[in-house]
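Pasting the structures in now, so scroll down.
You will see two complexes here that share chain A, one where it goes with chain B and one where it goes with chain C.
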Partner chain A sequence: MSVASQALTAQSKFSLKEWIFTTDHKRVAILYLIGSFAAFFVAGIMAMLMRTELATVGPTITSNPTNYNVWLYFHGAAMILGYQIPSLTGFFANYYVPLMIGAKDVAFPRLNALSVWLYWMGIVLALLTFVIPDPPDIMWTGYPPYSIITPGNTAFYTFTVLLIGFSSIAGGVNFLTTIIRMRAPGITWNKLNIFIWCTMAAFVMQVIFVPILGTAVTLLSFDKYLGTHFFDANAGGTPLIYENLFWFYSHPAVYVILLPGVGLIYEIVATFARNRVFNYKGVVYGGIWGTVLLSGVVWGHHIYVSAIPSWLALIITFTTLLISIPVGLLVIGIVGTLYKGSIEFKTPMLYAVGFMFLFLIGGLTGIPNAMSAIYIHIHGTQWITGHFHYVMAVSVTTAIIGGTYYVWPKMTGKMYNETLGKLGFWLFFIGVNITFSLTMWLGYKGWPRRYYDYSQFPQFQGTQQIITAGSYIIFLGALVTLITWIHSLIWGEKAPQNPWGSKSLEWTHAPTPPPPGNYPEPLKLSEDWHPYGYGK
Partner chain B sequence: MSEKIVEHELTWHTSYWPLIGSVGVLFLAPLAFAFYFVYKMPMMSIISLGIGAPLTIISIAGWVKEGIEDEHGYSEGHSVWAMPIFIVAEATLFVGFFAAYWALRLTAPVWPPAGTPHEMPFAIPLIMTAILLSSSVTIHMAEKHLEEETGNKGGFLKWLIITIILGAAFLSLSAYEWSELMHEGFNIKTNIYSSVFFPLTGFHGSHVLVGIAMFVCILIPALAGKISEPFVKSASIYWHFVDIVWLFVVSQVYFW
Partner chain C sequence: MGRKNFLKRLFYLLFATVILSASMVYANGIKIEMTGTPAEGWEHLWRELMIDITVIGVVFAAVTIYLLITNRRKRPGDEGQGPKLSPLAAFGWVVIPIFVFMADDIYLAAESFELWGNYRNVPANALVINVEGYMWGWDVKYPEKIIITNELRVPAGRPIHIKLTSRDVVHSFFIPDFHVKWDAVKGRENYLWFYPKQVEAGEHVMTCTEFCGMLHSSMFGKVIVMPENEFNKWIEDNKPKGGNV
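Let's turn to the complex of A and B:
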């Protein structure tokens, strides 16, 4: 029996034990995928509930504002901590990193399994929100003093963050060690896939900044349950400490989400444009690491109105605007890679182009927000909601879904239906543009965030209903995508080893789907090998 | 030989402990805490601890056993690289804590705030510092013995045990000092100084405890003759880090 066919027999038998106790990076990746898309789905339902509530003036489906707050809490916390970060630094990092660097697994396979299960425990804790009395109702930010005086269960918020945070740190330690130590001979630093660089950058930020969030949320529960006074203004504490610590992590978290998303887009664009990555070194050392360098000095733009000194607001305005430079390098790199490429519009490529459009809108609408003088006027409006949904929520979601389509044949060994895939994209793309452009417009008109009722502004009911309809279209698009994947799993054609004609290692050298240990024999790559070596 | 490797690679590797340990942690920390402090159900909290603690301990033991035996040949000395990365994370954890403390202290109208005892402990923290610093030396001695060409196992075990004893002495002194202070009416709820003092020293103490736990996880297999050198080295790096953090703690909360 040949090695490859042995591998297939090893894979074709389903054994629950081999899944839940697995330490293989590809299976851990799939566990992350299931968890993160489950979180995406439930958080999406929360968004639908909120949008339905806002369809009419006054109470629509609930007359209890706390319900709305709980939906809002779950939507934000699950989308960021349960879906985006784990799908990028969990699923994609796990699936791609060992394959792209030619390794047989990560440096610490059991630690990797511990990461995924701690993350799942975090998801379990978050889902308990729906069955416990007094669920958390404190948004994903958990600002004191409200989070301390509310009857809601702030402890679950703290522990959800701590579990998922620990999982991230363990992942960071694991993957940074893996990338430093386990690259196959011949894969030098300047021949790494852009996605690997992005993952490294994301994990460097996770390792540095997640613990700060850990401190912040721990002190929150200390204040609430053990009686300390960190955020208690009556006893000499101040809630501002929390806000600073929280955003000191949570702004870099945006780049933790963005960079791997951009990395996926690079992989897709290089493959489907059959082109070398344009300005590789500029993208890596300027774009990616420039973003990391600035990520720690921009947190203040989240708290412009929380009494930060005006000199600091001025500095933060500058550093925030400065971020445009590395991000600009990243975008120019993508455009340059498309230039004179032989472009093929398969579903992943559609998502990649969708990403560029959405990210451009999101990025440009961020510039006024960076300036403290302008920001004061748009603070707390739906403009902000629209902006960060464009720049982070939906643009990175297109990267995640597109990236999943891209890796799909390798991961499952099945092709998907292009027509269904494209239908899902267009529904999603049209839906998000209806929803979030109008959300920004409403915010520009002064409509505040987080309101569950708007009897003061009945004139906006029509717009609200269009937004709600848009959100239903998004949901429909996501459902079509889900159906495409299920359809592919059941009826999909068998995938060839390299359906996209990519030059990257996981497509050219690994069997589809890759067996345990990934590569049948240890790799050694020649001088002229390059992951983007097209046109030779 | 090569055939054997190929065959070996074609099975999916598994380990029970990551999942069991995670479930253990879920019961041990979040559920037990929430039952006790949020829902005021001490009995449920004890049950939760009763489920969580054994699961966690079993999986740590199983994990260490599996790691020492290293059936799949995972150990390639990566942990010596990984530990410094983990320490960066640990360090920023303390940075967050100290930043909160400095922000509170530097904006306080009077310091120490009302309710603080006139005489904060002086001798005990000095003794604790001496103990912890010397324990860094003793673990270094242990490592030295292990690195000797012949691998002096007896010497290694001796110095390792001394290190564990020193760590335990440190924690006992810390506990004694806490109880003295609480006796004087200075507890976690007293004022912003106590709000910092107890969590910060406790937080550092929990790191000492983790360090000791690591050493115990080295000691038990070592008594049966199994030693993983990279693991010893990483644990020792961690211990030096805990030592350095203590210098910040002691200088910032006791002698400033």
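Let's turn to the complex of A and C:
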């Protein structure tokens, strides 16, 4: 019996203890996957409740606006901190990084286990929102002075952010070390998968910027519970400090989410077009690292109308518009990879195509937000909601779902049903376009975000109902996807080692599913090996 | 006809036009409307911007769809034959897009700078009104010591200068119809200005756009644009009577 098959047999016996105390990066990945999709599901339910509430003017399913505000708080905080960041820098990073660079595991497996534990504690703390009296109702932004004077328990927000933040920093230390030190012989910097580059960039930003968010939310709880006055205008503080600190992390956070999503899209497009990545170095050094370079100088566009000085507004307008350059290079790279490709439209590729269109709309509708003068009208309106759902929420979700389909055969050893997979995609794609295009239109018409009721805008009730219908279609699409995965786990056919015909290491060299230690034999890569070495 | 003669005639013609239109305006009792207000500038730039992003979007989408259709896999074993770029071509595919995007960025930034200047420079003849946000409503205070809640009455045809403060948390004062908004922050006095035209006489929505707690969405009121004489009469009627106080 070979080492690999022994390991496989060991793996097939289920033991909860082994899962909780695991240090195997693939199991840690799956723990992240379960946690992040649970957060996605619960936060999705919150979205459905809110959309239902907005279907009519006046109370629809609750007459207490605080309920709505708590749903909205949970939806935003859980989607960003509990679902998007952990699924990308937790699940995908854990599953792919060691496999793609030919390593046995991450550099610090026990630190990795600590990361996922901290993350789960954060998730549990967040879920207590539905149990405790006076849950936080402060939006995911937690702006003071409201977050300080509210009867809601702001401490839950602070500690959720801190736990998940620690988890991220530990992950950053771990993965940056792994990528720098543990690449198999022959995998040089210019032979890394684009996803690896994107993960590196995301963790560099997390390590730099998470402490700033940690500081901001900690000071918030100091003000609320310990009587300090950092954000208290009566005592010489100002809430504007918080707004600056918060966005100094939270705009880079958009790129922490976006870049790994883009990385997954590159993997899918290269594999399903069986094509080399168009202008690899331009994508890596211009697109990915250009985004990182600019990420720290664009925060101010969130607070143009919060009394930042005019000279700063003008500088930020320019630096924020410049983001179009690296992002444009990333898009050119994706579209260019289709050129002379050999494209097969399996479910992951459909999601990648969906991403191209959603991200195009999301990216272009960001340009008005960069321009300080135009922003005056759209600040705090549904235009912003629609825009960031296009660019971050749903386009990255297509990357996450598409990426999960892509890794599915490797991870579970099972194939899934193509028809069901595609049905889920179309429902999702149609739903998001109905919902978020109309959301943006309402914002342009002046409909503010975070509104429980809209008796000042009764003329928009019809539009609101169409948006609500669209959101139900999204939910249906997500349910079909969930059913597809459960169906596959129970009835799926056994997956071959490389069902997609990819040239990337995890498909060509690792068994399906990979055993602990990943590669049974030491890797020997030829001189001209490349993860995108198609068409030779 | 000599050049001097021509200029002279042109001058008379212009002079006559000015006198004539001024007298017509006087006769009809209407004022000359201010042009180049922030709202007009915003609408103009928004239209330009929508054309700009639509063109870019359509070009990218068309290229993507074309490539998706023409590069489908013909036989199962096929592999893509994407180009291996020479160093010069790779450099070009970075530098040329940089210049194209940067050109558009600089153009848009310049337009935005100009409009921002318009938004932030209040005309000298503006009528000053104080607005204070609180959980959950707006107090409107006139120089004549009139205070009303959730109702902002303004005369048409005159720039309005709003001085914004907050009694408690951060609010954001927004009048969608005039494309103006600014945050009301405790401990600071912020400002904005807008210009209601004669044709805009009537009611407009003003509402809060920064989350401020339970009744955030109920924190709205009316902007009532009135003809100037009616506005003056309203001020007279509502002024606290001196001596009785």
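Note that in this section the second predicted complex is superposed on the first by the 534 of 536 C-alpha atoms of A that agree within 3 Å, B and C clash if a C-alpha of one lies under 4 Å from a C-alpha of the other, contacts with A are read in each partner's own complex, and residues count from 1 in each chain.
Throughout what follows, a contact is a pair of C-beta atoms (placed from the backbone, for glycine too) under 8 Å apart; a residue touches a chain by one contact, two chains touch by 3 or more.
On a predicted model such as this, the values are computed, not experimentally measured, just so you know.
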Worksheet item: So if we stack both complexes on chain A, do chain B and chain C clash, or do they fit?
Response: fit
Item to complete: Could you say whether A:113 touches chain B, chain C, both of them, or neither, answering first, second, both or neither?
Response: first
Worksheet item: After lining up the shared chain so the two structures overlap, which partner does A:451 touch, if you call chain B first and chain C second: first, second, both or neither?
Response: second
Worksheet item: If you stack the two complexes on chain A, which partner ends up touching A:238: first (chain B), second (chain C), both, or neither?
Response: both
Worksheet item: Of the two partner chains, chain B (first) and chain C (second), which one does A:331 touch, if any: first, second, both, or neither?
Response: second
Worksheet item: Which of the two partners, first being chain B and second being chain C, lies in contact with A:513: first, second, both, or neither?
Response: neither
Worksheet item: Touching A:69, do we find chain B (first), chain C (second), both, or neither?
Response: second
Item to complete: For A:282, select first, second, both or neither according to whether it touches chain B, chain C, the two together, or no partner.
Response: second
Discussion item. Contacts for A:214 in the overlay, against chain B (first) and chain C (second): which applies, first, second, both or neither?
Written reply: first
Worksheet item: Between chain B and chain C, what is the tightest CA to CA spacing in Å in the combined model?
Response: 13
Worksheet, complete the sentence: On chain A, the footprints of chain B and chain C overlap at residues 238, 240
Response to the item:
chain A residues touching chain B in their complex are 3, 6-7, 10, 17-18, 20-24, 27, 104-105, 107-111, 113-114, 116-118, 120-121, 124-125, 133-134, 153, 155-156, 159-160, 162-163, 169, 172-174, 176-177, 180-181, 207-212, 214-216, 219, 221-222, 225-230, 235-238, 240-241, 244-245, 248, 515-517, 520
Response to the item:
Per the touch rule above, chain C residues touching chain A in the complex are 38, 41-42, 45-46, 49, 52-53, 56-57, 60-61, 63-64, 67-68, 71-74, 78-85, 90, 93-94, 97-98, 101-102, 104-106, 108-109, 111-116, 118-120, 168-170, 172, 174, 176-177, 179-183, 185-188, 190, 205, 207-218, 220
Worksheet item: Which residues of chain A touch chain C in their complex?
Response: 65-66, 69, 137-139, 141, 143-146, 149-150, 233-234, 238-240, 273-276, 278-279, 281-282, 286, 305-307, 310, 313-314, 317-318, 321-322, 324-325, 328-329, 331-332, 335-345, 353, 356-357, 360-361, 364-365, 367-368, 370-374, 376-377, 379-381, 445-446, 448-457, 534-535
Item to complete: Sort out for me which residues of chain B touch chain A in the complex.
Response: 6, 9-19, 21-23, 25-26, 29-30, 33-34, 37-39, 63, 66-67, 72, 74, 76, 78-79, 81-82, 85-86, 88-90, 92-93, 95-97, 99-100, 103-104, 107-108, 113, 188-189, 191-192, 194-196, 198-199
